[in-house]
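Can you keep this structure in mind? I'll have questions shortly.
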Amino acid sequence: MKILFLNGPNLNLLGTREPDIYGKKTLKDIENDMKNIAPKLDALPTFIQTNDEAAMIDAIHNARGVFHGIVINPGAFTHTSIAIMDAIAGVDIPTVEVHLSNIHAREEFRRTSYPAKVCIGQISGFGVFSYELGLRALINYINQHNQ
Amino acid sequence: MKILFLNGPNLNLLGTREPDIYGKKTLKDIENDMKNIAPKLDALPTFIQTNDEAAMIDAIHNARGVFHGIVINPGAFTHTSIAIMDAIAGVDIPTVEVHLSNIHAREEFRRTSYPAKVCIGQISGFGVFSYELGLRALINYINQHNQ
Amino acid sequence: MKILFLNGPNLNLLGTREPDIYGKKTLKDIENDMKNIAPKLDALPTFIQTNDEAAMIDAIHNARGVFHGIVINPGAFTHTSIAIMDAIAGVDIPTVEVHLSNIHAREEFRRTSYPAKVCIGQISGFGVFSYELGLRALINYINQHNQ
Amino acid sequence: MKILFLNGPNLNLLGTREPDIYGKKTLKDIENDMKNIAPKLDALPTFIQTNDEAAMIDAIHNARGVFHGIVINPGAFTHTSIAIMDAIAGVDIPTVEVHLSNIHAREEFRRTSYPAKVCIGQISGFGVFSYELGLRALINYINQHNQ
Amino acid sequence: MKILFLNGPNLNLLGTREPDIYGKKTLKDIENDMKNIAPKLDALPTFIQTNDEAAMIDAIHNARGVFHGIVINPGAFTHTSIAIMDAIAGVDIPTVEVHLSNIHAREEFRRTSYPAKVCIGQISGFGVFSYELGLRALINYINQHNQ
Amino acid sequence: MKILFLNGPNLNLLGTREPDIYGKKTLKDIENDMKNIAPKLDALPTFIQTNDEAAMIDAIHNARGVFHGIVINPGAFTHTSIAIMDAIAGVDIPTVEVHLSNIHAREEFRRTSYPAKVCIGQISGFGVFSYELGLRALINYINQHNQ
Amino acid sequence: MKILFLNGPNLNLLGTREPDIYGKKTLKDIENDMKNIAPKLDALPTFIQTNDEAAMIDAIHNARGVFHGIVINPGAFTHTSIAIMDAIAGVDIPTVEVHLSNIHAREEFRRTSYPAKVCIGQISGFGVFSYELGLRALINYINQHNQ
Amino acid sequence: MKILFLNGPNLNLLGTREPDIYGKKTLKDIENDMKNIAPKLDALPTFIQTNDEAAMIDAIHNARGVFHGIVINPGAFTHTSIAIMDAIAGVDIPTVEVHLSNIHAREEFRRTSYPAKVCIGQISGFGVFSYELGLRALINYINQHNQ
Amino acid sequence: MKILFLNGPNLNLLGTREPDIYGKKTLKDIENDMKNIAPKLDALPTFIQTNDEAAMIDAIHNARGVFHGIVINPGAFTHTSIAIMDAIAGVDIPTVEVHLSNIHAREEFRRTSYPAKVCIGQISGFGVFSYELGLRALINYINQHNQ
Amino acid sequence: MKILFLNGPNLNLLGTREPDIYGKKTLKDIENDMKNIAPKLDALPTFIQTNDEAAMIDAIHNARGVFHGIVINPGAFTHTSIAIMDAIAGVDIPTVEVHLSNIHAREEFRRTSYPAKVCIGQISGFGVFSYELGLRALINYINQHNQ
Amino acid sequence: MKILFLNGPNLNLLGTREPDIYGKKTLKDIENDMKNIAPKLDALPTFIQTNDEAAMIDAIHNARGVFHGIVINPGAFTHTSIAIMDAIAGVDIPTVEVHLSNIHAREEFRRTSYPAKVCIGQISGFGVFSYELGLRALINYINQHNQ
Amino acid sequence: MKILFLNGPNLNLLGTREPDIYGKKTLKDIENDMKNIAPKLDALPTFIQTNDEAAMIDAIHNARGVFHGIVINPGAFTHTSIAIMDAIAGVDIPTVEVHLSNIHAREEFRRTSYPAKVCIGQISGFGVFSYELGLRALINYINQHNQ
């Protein structure tokens, strides 16, 4: 199963900045974690990070016919991008939304998620481990729906 | 009269996805429709589709001195982009906003339009025919104001 | 195809009052425009204008079995009449909502439309030309659904 | 005891339209039901249906000195008419508000009732049986207050 | 100077009902008061009372070329009728809004006035004397603008 | 037909407290009223009163396979308990919500009902007679759906 | 009858500033108008203008036992001062609120009035003539309540 | 590591009711799943289900000194119980909130979570698999903080 | 005078948890404080603490005929329980609401109190001393109303 | 310990006006009460009453180095004065807010308190006894923090 | 050019209190800074600080014909005083609003500014340097508009 | 000191469009102004303008280790981009937000700024001079924090 890990704006800064909120691991570390775990789950991960909403939409479009599922961390676009939500709804690939921080414990404007409305579900608050949880949730979902 | 048809995010998916909401015609079909109709209205159409807000703003800026009018479907940016509204206001080219679906009959957050505030008017709900209506509305407006 | 043009409150004042917002054409002019255009679209227009919400509801009810479609400009009732919305939903005749002015560019309380929730779509901002666009939209819809 | 059954906009469409929401019985059927039941409760029913808010207000005014109570289904005016509320408060005749559908299970804008603020109570959701319940509630109230 | 006194819904009940809020004088009494006072102000009063929003709109339309000013008490339509507001704006006759009760001291939903937005001003809370004040305000305004 | 009458918090105080709002009859009186009426409607009533939200939820759960319908007065939980709403939705037993007082004529926070969203309908404002109306509404509903 | 005319902040600027909103007459002119009119109404006017909320409160307190009524124009304090409202309620002297401009036709934050909640009524929009109307309203009220 | 699985109202109905929303597995199935998975994660699970808010609070209090972590599904109390939030904050045991359904894709009132404000994080939308994810998230958190 | 001290959810945790917000004294300490002070005020205290809303309601009901007054700290139920408010209103025993922390200086959702609407008054922010203040306030009230 | 009692607008009217809300005691009575009680608490009271927000701010500023604590009743400024809140925060003298009436049981706009956000706590609803409670709360706080 | 520096409530406390928010410089230091800088910009500064809204309004009124511009820091009145806004609008002297702290990074209620609506612009967040920036902005504006 | 001037969407249109709002100077003029002023402040300016949110985020990221400060005019992204706010917070370079127009005097939706929450401060309303003020504010801040 080919899985796309799609990371949005500012996630390239991970590890070097605001470690009290987002932890000390870098995006590279997360990718390495995923590369270790994925084979055990029969998954083959691909990684894209971009600060560009359009690039995220394009990546979602291009995922059709290529990937079996998407683990998305839309970063700050979570709260503002109806276009990313529409892209996910448009391609109809199973998608899980993950967040490093617990969005229920932060500013009011971080409680809303447009993409989550059309995702399978949302995982937030477990730092880099949210990605592993997201991957497991996605694989489990795909397995159940392929039977 | 040179007319720019400017389509925003996810409209490249038209026809292949969610046909119950957006119909079965592709963006290519719409472009062909417009190419057939435009000559009868003394109009010469150009087509741009992009998932990129910045590309839409640039296209609007570049339209100055090139196009006599714009038919815009800002897609999901309709509801979130003050920057596209400002671009239209800034270039002062007659612009008509069109939507495939009836935004009054969908989710609450799809009722608001920033660009429509500075357009001549808005047409929503008639599927691909919204584009023909938009073109007619635009040509009629230009003709009236050129007399 | 028999088409009802149903105009709501204050539209009888058209042309003589507030021409900067609503244009200089009278309702009679609009009716004449429609009479000229309708035959080209195989449509036979009938015109009703009333300042009475009840008369509008009755006209919608009476349209059953008589008209193939309705072009409605509910005027100020657009923003307040759930009863007109219910009437349109109740008779299930294809209906298009039109407005002379661009409701997105006016007062906040003019942004909401109850009837539009149950219409095919809405056209606003093109002055008297909104009626021609509305007629074309309606005929196109009926033709597509009669095939 | 003379009882006025006052039905508001679109209730004349009952039975022939949207039976999934409003049931298959016609307003005539409801009237016949009431004529059968009323004598057992020592009640003499009169029926008025109108799509006209003013006619409803007039009917309420004219009920003074004629009717001992009113069963009102204000239809869509329930949510918008302060004037009908004022009319009921003005004539001070015991009034019961009834609805065919359960207004708590529909759109947000159908949850509010102006007239109910000055009625004895409200009954909603039981289809045509709401009228019988309304009649029983009214008769019971009148009997209790005449002792 | 010919002045139209236009009274809206439920004002026909004046004097006989809810005298603690609206006072004991009847609408007839108000009319007689006005007939006495008007000549001293060189005014000739005409009186219309209706429970019908459409009739109010029609009366406003018909006032063009006939009346020099309008004293309007829109009753409960004050808070809900954009159509009456549009009618006043459409005919452009000097209009004063009056209320018997003090709308600032009642329910929240009675604080808003659509018609007042396009009237010269508003007078509320002085019982039947509000009409005399309204007439004086109107005559004063007309005199000043005719000089 | 076995019917559960489920009464929520503070209804045990009925009759002895705040009789101006809730009437003078006790809960015992209501139960006796129901015992008299039920046989005429082929109904066998059971009564539970509790101040405990959990006990109400348990009672609803336990009603499965035992009762044909529920008449519920959730008291103050009406406005706050999503859990009771979920319980009713979960067991799928026909349920009617009743209130002694008219919730539309009281404080703003008493206008909302969570349970009513999943009930057949709601009856409010008729004092203890609301229970008889609720029983009749329920029996009528069950009879119609058993045919 | 001794009447206090109490004018709030910025009203000392009248006539020399923003005449398009507030007219060309000065506060002195208003006082002279009142001095001319008052005797005809058996009233003896006193004038206080202050930009100080505390001075307005003190003036209201001091009016007890001295003045029979107050005509107040609280200026911008209308929309923000609960303390002035409480002062009027505390001294229980008949008070009329007047405004030069029509507060319903200005910014949203000028629609609210705290003092008007405890005044007899409110008059707004008639320029300096609002004062004469306010005086007449007040005298009429006092006369009626002294009978 | 001893882990408490604490399930709130209506979760005892799992599997037999509304399987389209909550899936076909019973709470017993979930417990068995957890019993199978827990040992692999060096965890010893205990299960409590209750419809009683107080029992949930007590269970959280009693968990002190007994359990190393809590996986909580507060059911409908998620959206209403500040008391459960305070209990979790009070005992300071690492807690993960899980939901079977995706709360971002349901009614507006299901978007808010009080307990999640003081939990490590929240997982929603993955059916019974949410529990396994929650357990993994919790164990991972405890391991990281015990190093 | 017999006084009931009724403490709500999580107050059993006092002293051992979150001492920076709630202080270091335990509920037992508070009870001992009250036992020392009560005799000086001719009061005989009884203490109930429960995490159960129903138990709080029952305790209030049972207080009738037994206690002369109630000092209540409803904990988190302060902000959510209309049922406790109704219970206090129902039994009509003088009640004072106390809080350890200053609810005006905490989260927005802690500013609202349902029970305080029907209490004599509210005391918040003085730690365990709030109880002594509450007791004094209650005794003073009872003494004044017994004279 | 020197304590400042600072009373805001309209409190000079105490006793003579609206005794049903504020009681019959005058501000003088309160001062005498405080003079009697203060010595028992080793406190020396000073009294200031003013209707002037600026005078209240000045009094708070001047309290630095003079008073050990402040008991403040900001009257209507409670709900509107951020400046008084800032003054209290600026001088950092322990301050207790008191109210005669129960602000939770009055109009919505009386529920908010700016100053209470920076006070130790708030006491409301106990009439003149609120002052004694406030004094006790303040002295207790100072004693605890001086140890 | 004569420039008035007008400082509102609590700014007299500068430097001695809450230096973490407002810095360590006193108002005297700011005045000295301004005296040094002003001559280089051909400006002659005058300084007024008051805690009194009325005194601020008076100072603005008195500035007419005396000062060429005003640098105003309305302190907490920024968020509450429509009267100061009206004063600035009334005298029509170029005015710049300055704040020591960044109002966008503080409490919600500090985000709104009434006076800024009628000022040239607003500068916030630069500590005492905000005054120098304000002076430069004002001088630049006057110079540009005097050419 | 190297300073980045980062300009957002539509600012490339400066000078040629809407000069009544934004002035007649072009972005080139602003850059030249800055080049003249910067040396006097020991600053070396670099200029980036883009209509692309992603390009703005990238520019902020790339500024780390290169620039000592940023003067940002986010244009319409000010009101919608949480991602730009997060970027500024992430790189922790001193940043000043500037606006040509006074955002407090424009549409409601232009009052909010996400980036300003994490900037030193905000300057708005002084046309192109806002940039010089922004530069001065930034240099002053850096100098103070480097001492």
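In this document, chain identifiers A, B, C, D, E, F, G, H, I, J, K and L correspond to the written order of the chains, with residue numbering beginning at 1 in each.
We adopt the following convention: a contact is a pair of C-beta atoms (placed from the backbone, for glycine too) under 8 Å apart; a residue touches a chain by one contact, two chains touch by 3 or more.
In UniProt terms, the chains line up like this: A, B, C, D, E, F, G, H, I, J, K, L = 3-dehydroquinate dehydratase.
What you see is a predicted model, and the numbers here were worked out from it, not measured in a lab.
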item	value
Both-way neighbours, i.e. chains that touch subunit L (3-dehydroquinate dehydratase) and touch subunit H (3-dehydroquinate dehydratase)	A
Each chain counted as touching subunit D (3-dehydroquinate dehydratase) and subunit G (3-dehydroquinate dehydratase) at once	E
Cα-centroid distance, subunit C (3-dehydroquinate dehydratase) relative to subunit H (3-dehydroquinate dehydratase), in whole angstrom	54
Gap in Å, rounded to a whole number, between the CA centres of subunit J (3-dehydroquinate dehydratase) and subunit F (3-dehydroquinate dehydratase)	48
Distance from subunit K (3-dehydroquinate dehydratase) to subunit G (3-dehydroquinate dehydratase) - Cα centre to Cα centre, in angstrom	32
Of all residues in subunit K (3-dehydroquinate dehydratase), the ones touching two or more other chains	52-54, 80
Inter-chain touch pairs (all)	A-B, A-H, A-L, B-C, B-L, C-D, C-E, D-E, D-F, E-G, F-H, F-I, G-J, G-K, H-I, I-J, J-K, K-L
Subunit E (3-dehydroquinate dehydratase) - residues contacting subunit D (3-dehydroquinate dehydratase), complex	8-10, 12-13, 17-18, 50-55, 75-77, 79-80, 109-110
Residue numbers on subunit G (3-dehydroquinate dehydratase) that touch subunit E (3-dehydroquinate dehydratase), as the complex places them	102, 104-105, 111-113, 116-126, 129-130, 132-133, 136-137, 140-141
In the complex, subunit H (3-dehydroquinate dehydratase) residues that touch subunit I (3-dehydroquinate dehydratase)	52-54, 57-58, 61, 80-83, 85-87, 89-92
